[in-house]
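Read from first to last, the chains carry the letters A, B, C, D and E; within each, the first residue is number 1.
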């Protein structure tokens, strides 16, 4: 700190407090509204101080949106996606950074370009692939004439089918491929000094040993950062689960339930319950971010595009 | 035990009733287990069913509303219900089904393709306390009356005389067109072939929309919708709005939810004075049996259809919801029982009256338009544009018509070479 | 016995030749230092020996085995890296023992060995620390211990001290040397610091731009640099080198028309474009008027504490001299220098090689200002 | 005139005292170098002068003004940073002119001034380049030009050369000195490189652990180090320092029972725990049997080219000597040293301060092995 | 810097990268190629078959005024949401970078919006902006009808944009702060020595120096507004009223899944993909070439 100018300090604090209000107001309103009774929440103007109905509203929201099982689903999906992404990203980045094969940059770009094909824009065809994840292979077999060959020879028709709709696999697998993660890991791996690789070579360890005994322990911070990001983003997935779970009762996630909590679908405008529900749904990723903040920020910083 | 799925497009109270029904079915026999899944609304159910069908994950039975009928008819994805029942050894008296239902869900030769299930028509709900307060007794029968009452209510300090929902094109447009015998589309509302063109930008609906606009601007119509956070039904049951139009299916809900001490009644949709009232359109949905399932599942589906067709079951369904009995005999039985003469069910017979007011004309037997959901959306948008954005009525409807025709042409092209059954 | 034999070893990256064909034999137990400026290919050469870099052509043998196609771990070399390359997440003990662990040595045996090695480099108290909690010198020692623990046939060092501060560097030098004395393992040490090279090496390999310029004992290299490059590179302050030629009138012509009398110069050098060199410490200050002294003008003085460096101009050529006198001397003042012809080095300007001066030069100062 | 006055200047970060109370006066036009090991508080002191760091207690005056509460921009100092701190997005001209722009100088005037300054440091051809397109030395010059353009009352330099390579560093030193000669602006220069400090300074401030150990001319500091720390820190190779005490039997006792005869030692030193020091270049090798010579055993030799360093053991104490002889000498061989008592430094072991030896010591070698 | 320490192994690298490659091919490239194919055909909603129609799907979307309106709206949405979010985040980051006492606390709260699911924020903002409830309700009570996102397209769009911008604050803040903190302290100090006051330093030094981050975030935000807006809109307005909050991604979902026009939606997908690719491409070209000083 160079200037001791008190005026500028006041400006600084004022701005930050303003920012704090800006950021916190929505949270505050959710909490306040979530704690009001139906009458109170319908009052205009809205009370700005919490009342004491939070617990009962939480309970109503919990049962109305069936949040118990949905929470578990969300958790399974978020953890599954997070673990999957981290694993795949680490393995791919390891392959790309530490091996010298011709196609490595091609592979990297193949993965990286998917950053530009967000789920939202390829949602229609992606849905159909989720219905049968083996469809591409079937088409390949068909076009190569292998299906025909097998059928004429053995009489058995090769029908590859792997349906992912209404399944955890379907909720998780398509989200596991990760350009961001791979990129992040790649960036991190590139900062590993050559000498460390060479030292381990001199010490006689092979690539897998190096990966498990040196690389992974070293990338712990990055892994935590990545895990935070991935957890948040997969918990917050909306469109994908919306599409591929027709069986909401069993495979719905909490975020999908938000719409079910909005009044007007159930009659009375009980925004208090809606807000209580929103609170429940927001909380897990918020906790993760708050708890992992240190790593999370560090990880993002090291990304530095 | 064979398990099979049934996807439906109802939510809230109606959904709970369906779940009751499914439980009863499962309890009534030991061979099949029906799994009933709500998809929230008719559109979503149609969309999800299509998506699932493409993925070979379709349910055995799907509840498809009136608007989706053509989409199903041309899909090649269904098993005609008559064939299904025959093959599984059920003998159903198809002639007993209410003619309006048949004209909507059957082929041109009258063969029912889907199992009639929950059928309805649009009604006009009004708060008798409020109407009395401004000196109106009885049921509003004409829009002139409605306008006057609305003015009086407004003058008397009621904020919301009439609840209007622009997404309620079914009651405000389709049913209006029917009872005023206005064409929705050429080719007899599309019955004559896929090359039909919409006609709603000509005729009485143009003026009607103009009237909506006037009422809205004067604050006599107040928009109540999901988007405003207060639906028309909610506003009505909470006495925030004094008149409202919606399906007879909601009769049960309104009865249950109306605030303590509030008095209300239901009437047929009003007409303009001097209009010869025509029968209204059948609404609601029918149950379609989808292809690609096992014989066992079809057996189950047939058993389920037979179950809901049982008179006592049909009566229960009509009682707890507001849906009309779909067979003539069912209706007669209920009338005979005096069901309709007492509160809380009194008034529901008006739905039947409305549906059968006249024999169906070319424009009141139903609507046969492909991707009708998209056309409905155009009307919703046109109504909103007129009300909210002050777009001139004719321009809004012309615009909607152009787009609707594009939808129809695309549908025609997609199914080039196919004809309506 | 020869420990390492390099024969016509070349390295090429894509299109650039980086090592141009090196032939060197390193004796068993010898401590050889590869010295050269940055980018000359020192590390590349060392890494080819280690097996970390493929050899483009030529052969490398360790002992009697050609190792061209062996993996690093099969070559029996251990390496100490510039930035230590310690595993940051492992404790000192784990760092040292990692190679043994990889080799599958049982835990107890491993621990004993690690302890022994750690003791030998005084790391015992730090065995449980992570590298991040060590000072530079301690890290350096861990790197060394890690190399030692494998009991390699050859030690390779790639500028292991360049991240240390001056004091520590000197101390570590002594340590490496005493280590070498103790273990007697053949060592190849890469550096670009000549003091380090001089003080450590049994033999020096001086490299420049991928070529070996000279191989020899430090004193040889210092006293008889084989090329202009070596002459300029070795010694600090650097050797005074003046370009010009020996005219047959007995004068050496240089700079802006400068002439220095060199009457008895060998005839073999006459008229050739050469560089003449003399080390600053061999340039003596002589009193004004001394016979045969070179007259110069002080450019500036650098105080070094015990002595000072005089930067002076002789007819447009710069001469540096080490001076231990204490008299006041400042820019623009005249000074007078002399030196022994025995301290003179002559190099061809064509190929930069040393030219031998025919014997029979006068034994004392013989350069006279024109 | 005094340009900068520091009175009892202290700096404390949270709980650690970093500068312990510094009193120094810097004369106008003087070039003062602050020298000390890493972390001793040099930068902190400099930054307190600049106003970049708050002063915990004490006062700093520039000219006659106490500047404790002035912003950096109000102090009339210009600073050259270690990593140059050039604005990477501005051209050289913009970098140099930024201060003027901030001060609101009109464009034309500014341009003229920038050009003039750029010329004076030969940066004219690069005015349109970005710092990223310059060499290290050129960047350094931009940093200097940026400082000069404001015509400050004081120049502050924080290790400005430490990112340059050895050759360039020497060149930049000369440039800074000639700059100072030309402008005559009071300059404070921080470094931890003693050669740099010695060659640049009019006066040196030697700091250690937040305390000023000695202030003085380079030669004073070299020849009469005021404390053990300074004695050890200044000079390379470092001064030989041997701990022990002068017994009243005329012997200096040290190491593993070592005794050196020092018959005429001043009585004021008797029985005190002291360290005795002598610089390696003041230790002469004498032939075996020379009277009064100290007998030692060679530990090892470091060849430096022109000379060599002999590391030898004298009864458990290490002695280093600079030797320019050429004879074969190896580990374990006996050597014999002598030195002048005039070259002897004695320091108290209690507070590390220099102890003055009473006059009257013998003029020549007087230390005799027991 | 290129690495030089590699492992040599024939199959291992392929085994390592195979899972990800397979997923990418199956779930990204295959569907994308399908979309590409559909875009040139008329696909029956129930999957009964399709017919090749060449460019007609593209021609019909490009000939549709409403599509262009959607494109324009998306652009406006993207620019507005990005602008608001980045300006707020940048301002906060600039001040947080001064590291006054207590900044850490502010800092950690500023990150929070990042954790919130867009639909959850959507629900909250919907309540906040509900014309008849919440906070705006009282304003409407005073001036009836002054605010009504249910009927006023402008209000609805503003509401969605504000929510989107709010959601982006956390992410943008982290990146800005990181970028600012990575600037060498000595640069600011040099600025101070040169006489620049804090505000001037922000403008003259910090802002230009974090230009790469600004640009990176600009593109990331734009892309995210083009694609991530789905959940928000679906929960808040479902594209209404009268399509006034229908952006490209929402329209393609509506047309495809609700309008059962798979082919038209596929064509729209392709257009959107190209847009995103173009933005990414611009970022790479620009960031690498323009705003980088070593």
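Rule of thumb we're sticking to: contacts are C-beta pairs under 8 Å (C-beta built on N, C-alpha and C of every residue); 3 or more make two chains touch, one makes a residue touch a chain.
This structure is a prediction, so every number in the text was calculated from the model and none was measured.
Both chain B and chain E are touched by A. Considering every other chain in turn, the ones in contact with both chain A and chain D prove to be C, E. The angle of the rotation superposing chain C on chain D, based on CA atoms and rounded to the nearest 5, is 175 degrees. Note: the chain lying farthest from chain D is B, by mean C-alpha position.
For chain pairs A-E and A-C, the one joined by more C-beta pairs in contact is A-E. Among the other chains, the CA centroid farthest from that of chain C is the one of B.
With centres set at the average Cα position, the gap from chain D to chain E is 57 Å.
Separating the CA-averaged centres of chain A and chain B is a span of 40 Å.
Averaged C-alpha coordinates put the centre of chain B at 95 Å from the centre of chain D.
Multi-chain contact residues of chain E (touching two or more other chains): 4-5, 126, 130, 132-133, 189, 192, 197, 257. Across the assembly, chain B contributes residues 51, 54, 225, 229-230 that each touch 2 or more other chains.
Residue positions of chain D touching 2 or more other chains: 51-52, 71-72. Listed in rising order, the residues of chain D touching chain E in the complex are 50-52, 71-73, 77-79, 81-83, 85-89, 98-99, 102-103, 130-132, 146, 150.
Listed in rising order, the residues of chain A touching chain E in the complex are 1-3, 5, 8-9, 11-13, 15-16, 19-20, 22-24, 26-27, 29-30, 33, 41-42, 44-46, 88-89, 91-92, 94-101, 104, 107, 110-111, 113-118, 120-126, 128-129, 133, 135-136, 173-174, 176-178, 182, 190, 194-195, 197-198, 201, 206-208, 210, 232, 235-236, 238-239, 242-243, 255, 258-259, 261-262, 269, 271, 274-275, 278, 281-282, 285-286, 288-290, 293, 296-297, 300-301, 304-305. Residues 7, 11-12, 37, 39-40, 48, 51-52, 54-57, 225-226, 229-231, 233-234, 237-238, 257 of chain B are the ones touching chain A in the complex.
Chain E contributes residues 42-48, 51, 53, 60, 66, 126, 130-133, 148-153, 237-238, 240-243, 257-261, 264 to its touches with chain B in the complex. By the touch rule above, chain A contacts chain B in their complex via residues 127-128, 130-132, 161, 163, 165-166, 243, 246-249, 262-269, 271.
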